[in-house]
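Multiple structures are listed underneath, in C-alpha cells.
In the two complexes that follow, chain A is the common piece, with chain B as its partner first and chain C second.
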Partner chain A sequence: MLNIENLSVAYGKIAAIKEVSLHLDAGEIVAIIGANGAGKSTLINAVSGVVPVQSGTVRFQDAEIHKMPAWKIARQGVVQIPEGRKVFPKMTVRENLEMGAYAEKNAADTLRHAEEMETMFPVLRERRNQLAGTLSGGEQQMLAIARGLMARPKLLMFDEPSMGLSPVMVEKVFQIIRTIHQQGITVLLVEQNAKKSLQIAERAYVLETGRITLADTGANLLENALVKRAYLGIAS
Partner chain B sequence: MKLPISKPYLMSGVLLLLLVWPFLWGGDNAYALYIACLIGIYTILCLGLNITIGYTGLLDLGFMAFYAIGAYTAAILSIHGVSFWLTLPVCVLVGGGVRYLLGLPVLKLRGDYLAIVTLAFGEIVRLVANNTVGLTNGPKGLPRVGEKISEIRLFGWSLNDTIHFYYLILAFVLLAVLVSHRLEHSRLGRAFVAIREDELAAELSGIHVARVKSVAFVISGMFGALAGAIYAHWIGFVSPEMFTFWESVFLVAMIVVGGMGNIGGVVLGVILLVGVPEILRSTLGAKFVDYRMLVFGVVMVAVIIFRPQGLIPSKRRSLELHTPEAE
Partner chain C sequence: MFIQQLINGLTLGSIYALFALGYTMVYGVLLMINFAHSEIFMLGAYCGLGMLCVLPMAASGPAMFAVFAAAMFGSGAVAMLVERVAYRPLRHAPRLSPLISAIGISIFLQNLIMLTVGAQSMPYPEKFPIRQFEFWGVTLSTLQIFIFFLAVILMLLLNLFLRKTKMGKAMQATAQNHLVSQLMGINVNTIIALTFFVGGGLGGAAGVLNGLYYGSIKYNMGFFPGIKAFTAAVLGGVGNIKGAMAGGFILGILEVFAAGYLSSEYKDVIAFVVLIVVLIIKPGGLFGEQVTEKI
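Moving on to the complex of A and B:
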C-alpha cells in the first residue's frame, strides 16, 4: 500500500533521514521506534509532503505522492495526526471535526460522520460547542484523532500520539489506535514509547540517526537484546 | 453577550434608523452626512481588510494601496466619460487582479515579513501615483484642470448631493456586510480561520493553503478597490497624499480596536476611530485636530490593556448553529 524507497530528507546540509526504505501492506499496523532526533517525525512529514524530499520515492497505492503537495496527499487518504495534536484552538470541537472532512463537500455526509465520531469519542459530544483550545491534553488528542478520521483515511499516521499524556490517557490512546486498526485502516505509528508500540504493532522498524537499523515483527523486537537495552530500558 | 432582542429584529431596527435619520434630524446638516459617508467608506475598506487580517491572519500594512488603485482607476475611467456602473466592476477586477499578482510572491512569506512587504507595496503604489504624472497628474491629483469626474447616473437622475451618496454608500456597506457574513459562515470562510489557527494542520486537513490564502487576499483587494472607486466619485478628487502608510496603519487600528474577525466589531471600530474624532472636531473647533492623535493613542493603549481581544471580539460562531435540535 505504502512503499518508501531510498528516501532521503535534509534540512539544509544536515541529513535527517538517509536512504530509508520501508513498506506497509493494506490493513497492517506498523511502528517506527527510535530515540529523539532519529528522524521519525521527519519520515512521517516527508510522507505527508510537509517537508521536501531530497531523493527517493514514496508511492501510495499507485500514486507517486512525494511529488504532490501536502493537501493533495491528505486527499489521497494518507492522513497524519500531527505531533502535539495541533487542533484549531479557537474553533469549536465540532468545527474541528468538520475541518477534518474539508475535502468532503456533502454537508449531510459530514454531519453524519461527525456524529459517528462523537459516538466513538463520547467526550467530544459533551464538548461539542466548546473551543478546542480549552480541552485537556488527552481530550485534544482524541479530537485530533477524530479529526484525522473525518478525512476517511486509508492510511493513518500517528506522530507521537502519547506525548505529554498521563499514563491512563496513554493506555486509552493505544486502545483507540488498536480499534482504528481493527476497523480496517492501515496504521503507521511513530512513537518514543517503544514498549507499547511494539506490543500493538504487527511489524516495526528501528530508526537510528536517520537510518533503519532493524526491521522485524513487533513481538520479535520486544525480545531483541539490542532493542531491550536501548529502547526498553531492560539490562541484559 | 446576550442581546435583549433577537438579532434579525436588531438588524432591521438599525437598518431602519440608518435609512430614516437624515429626514428626522441632521438631514440638512451636510457635515453630519459627510461623516456618515466617510464612516461608510471606511467600513467597506475595513471589512475587506478584515478578511485578510481578521479571518485569515495575514497582517497587511499596505491596504491603502488597493483603495488608491480603485480610486485612481475610477478617476481615470470617469474622466474619459465611462459610466460609474461600468467603472465599478472594472475597478473591482483591477483591484483583485493586482492583489492576485502581489499575492503570488508575498503570500509565501509569513507574519512579520508579510507585514513589511505589504507595507512596502503600499508605499510603492503611492510613489507611482506621485510620479507617473502622465497618468495620475502626480501630486496635483486627478482630475486635471478642465477635466471632471462624471456624475453617477441612476435611473435617469444624477447623484450630485451628499445625501444621494449617503444612500449609495449605505447600499454598498450593506452589500459588504452581507458578503462578509456569508463568507464567514461558508466552507471557505472556515478554511480562512483554520489557516489562521494552524497552517500546518490546515494543510494536513486537505486545505490547499496557498490557494485559499490567495482567494482571501484577492477578495479583500476587491473590497478595497470598490471603496476607492466610490470615494473618487463622491469626493470628485484623488491625490497621492490620501494613501499614506499612516492611513493603512489607521485601518489596522480600527480592526484591532473593534475586534478582529467580527463584522460588528469592525463597524464599531470604524465608527469610533473615524466618527468620534470628526464629531469632536466640529464640537471642539478646529483646534481639536491637533489632539486627535493623542486621543487616538490613548484609545489604542486603553483597548490593548483592558480589552486585547477588541471591543466586540469574534465569538467564533455561536452555539445555536450546532445544537442537535437545530440540525
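Moving on to the complex of A and C:
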C-alpha cells in the first residue's frame, strides 16, 4: 500500500533521514520507534508532503505521492495526526471535525460522520460548541484523532500520539489506535513509547539517526536484546 | 453638535472599517501587512468611476449594483494578482522582503494610474440624487445612510461567509495553522488567494464609498485613508476581524470629533496619535486574543 524507497530528507545541509526504505501492506499496523531526533517525525512529514523530499520515492497505491503537494496527498487518503495535536484552537470542536472532512463535498455525509465521531468519542459531543483551545490535552488528542478519521483515511499516520499525556490517557490512546486498526484502516505509528508501540504493532522499524537499523515483527523486537537495552530500559 | 459629529464619524468609520478588513484578513493568513492595500482601495474607486461613466442607464438600484460589482471584482482581482506575483514568490523569504515588495507594488500602481488615467483629481459624478434630512439641527443625507448600511451589510455578509461556509472556515483554519490545514486537504495557496480577493473587494467597495462621499478621486487618494485603515486594524488587534470593524468605527468617530472640537487641522493627527498610543500601551489591540491556548 505504501512503499518508501531510498528516501532522504535534509534540512539545509543537515541530513535528517538517509536512504530509508520501508513498506506497509493494506490493513497492517506498523510502528517506527526511535529516540528523540532520530528522524521519525521527519519521515512521516515527508510522506505527508510537508517537508521537501531530497531524493527517493514514496508510492501510495501506485501513485508517486512525493511529487504531490501536501493537500493532494491528504486527499489520496494518506492522513496524518500531527505531533502535539495541533487542533485549530479558535474554532469549535465541531468545526475542527468539519475541517477534517474538508475534501468531502456532501455536507449531509459530513454531518452524519461527525455524529458518528461523537458516538465514538462522547467527550466531543459534550464539548461540541466549545473552542478547541480550551480542551485538556487528552481531549485535544481525541479531537485530533477524530478529525483525522473525518477524512476517511486509507492510511492513518500517528506522530507521537502519547506525547505529553497522563498514563491513563496514554492507555486510552493506544486502545483507540487498536480499535481504528481493527476497523480496517492501515496504521503507521511513530512513537517514543517503544514498549506500547511494539505491543500493538504487527511489524516495526527502528530508526537511529536517520537510518533504519532494525526491522522485524513487533513481538520479536520486544525480545530483541538491542531494543531492550536501548528503548525498553531493560538491562540484559 | 454631538449627534452631528457622531453621524459624520459613523459614516467615515464605515469606510475605514471596510478598508481595514483587507489589512487584517491578509495579516491573519500571512502575518504580513499588505501595504499595497491602499492602492487596491484607489483602484476600486477608479473601477467604480469607470462603470459610472460607461453605464447608459439612469440612477437605479441595478446601476448602483453594477458600480459596486465592478469595483469589488476589479479590486479583488488585482489584489489576487499582486499576491501571486509579488508575495507568493517571497513566502519563505525573511519577513522584510514581502514588505518591501508591497511598497514597490504600491508605488507601481499609483504611477500606473497617474500615467494612464491622469494626475488630476477626477470628479465622481453625482448620478444618484442625494437628499438631506434636517431634524433637531442635525443634517443627515441619504448618502450617509447608504454608506453606513452598505458597509454594515458587507460586514455581515463577510461574517456569514467566515462562519457558515466551508471556504470561510478553511480561511480561519489557514490563519491558525498553514501546515495542519494542508494535512486536512486544504489548498492553502487557494485560500490565501481567496483572502486577497475578499479583502481586496471590500477595500474596493470602500474606495467607491470614499469617492461618493468626497466627490472626487485621485491616483494617490489611498495614502492617508490607508494609514487610517491600518491604524483601525491595529486598534482592533491586527488579524482580528471584528476588531478591525470596531476599530474602523472608533477611529472614524475620533477623527471627526478631533476635527469638530479641536480644529479640522487635527483631523489627520489623531489617527497617528491613536496608532502610537495603541502600539505603546496595548500593542495587541483593544480586542487582543481572548482564547487561552493550552499546550
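One rule holds for everything that comes next: the second predicted complex is superposed on the first by the 236 of 236 C-alpha atoms of A that agree within 3 Å, B and C clash if a C-alpha of one lies under 4 Å from a C-alpha of the other, contacts with A are read in each partner's own complex, and residues count from 1 in each chain.
One rule holds for everything that comes next: contacts are C-beta pairs under 8 Å (C-beta built on N, C-alpha and C of every residue); 3 or more make two chains touch, one makes a residue touch a chain.
Every value quoted in this text rests on a predicted model; they were computed, and no experiment measured them.
Asks: Quick one: chain B and chain C on chain A, clash or fit?
Replies: Here the two partners, once superposed via chain A, clash with each other.
Asks: Taking the superposition on A as described, I'd like to know which of chain B and chain C A:50 touches: first, second, both or neither.
Replies: both
Asks: Once chain A of both complexes is superposed, is A:151 in touch with chain B (first), chain C (second), both, or neither?
Replies: both
Asks: For A:86, using the defined touch cut-off, is the partner it touches chain B, chain C, both, or neither? Pick first, second, both or neither.
Replies: Both chain B and chain C are touched by A:86.
Asks: In the superposed arrangement, which partner chain does A:94 touch: chain B (first), chain C (second), both, or neither?
Replies: In the superposed model, A:94 contacts chain B only, not chain C.
Asks: Give one of first, second, both or neither to describe whether A:34 is in contact with chain B, with chain C, with both, or with none.
Replies: In the superposed model, A:34 contacts neither chain B nor chain C.
Asks: Look at A:129 in the shared chain and tell me whether it touches chain B only, chain C only, both, or neither; answer first, second, both or neither.
Replies: first
Asks: For A:218, is the partner it touches chain B (first), chain C (second), both, or none of the two (neither)?
Replies: Neither partner.
Asks: Tell me which partner A:210 touches in the superposition: chain B (first), chain C (second), both or neither.
Replies: Neither chain B nor chain C is touched by A:210.
Asks: Is A:140 touching anything from chain B or chain C once the two structures are fitted on A? First, second, both or neither.
Replies: In the superposition, A:140 contacts chain C only.
Asks: Determine where on chain A the residues touched by chain B overlap those touched by chain C, and list them.
Replies: Dual-contact residues (chain A): 48, 50, 69-72, 74-75, 79-80, 82, 86, 88-91, 95, 98-100, 102-103, 131, 147, 151.
Asks: Under the touch definition given earlier, write down the residues of chain A that touch chain C in their complex.
Replies: 48-50, 69-72, 74-75, 79-80, 82, 84, 86, 88-91, 95, 98-100, 102-103, 107, 131, 133-137, 140, 147, 151
Asks: Which residues of chain A touch chain B in the complex?
Replies: Interface residues on the chain A side: 48, 50, 69-72, 74-75, 79-80, 82, 86-92, 94-95, 98-100, 102-103, 105, 111, 128-129, 131, 147, 151.
Asks: Which bits of chain C are touching chain A when the two form their complex?
Replies: Residues 166, 169-170, 172-173, 176-177, 179-188, 291-295.
Asks: Okay, in this complex, where on chain B does chain A touch?
Replies: 187, 190-191, 193-194, 197-198, 200-210, 316-317, 319, 322-323, 327
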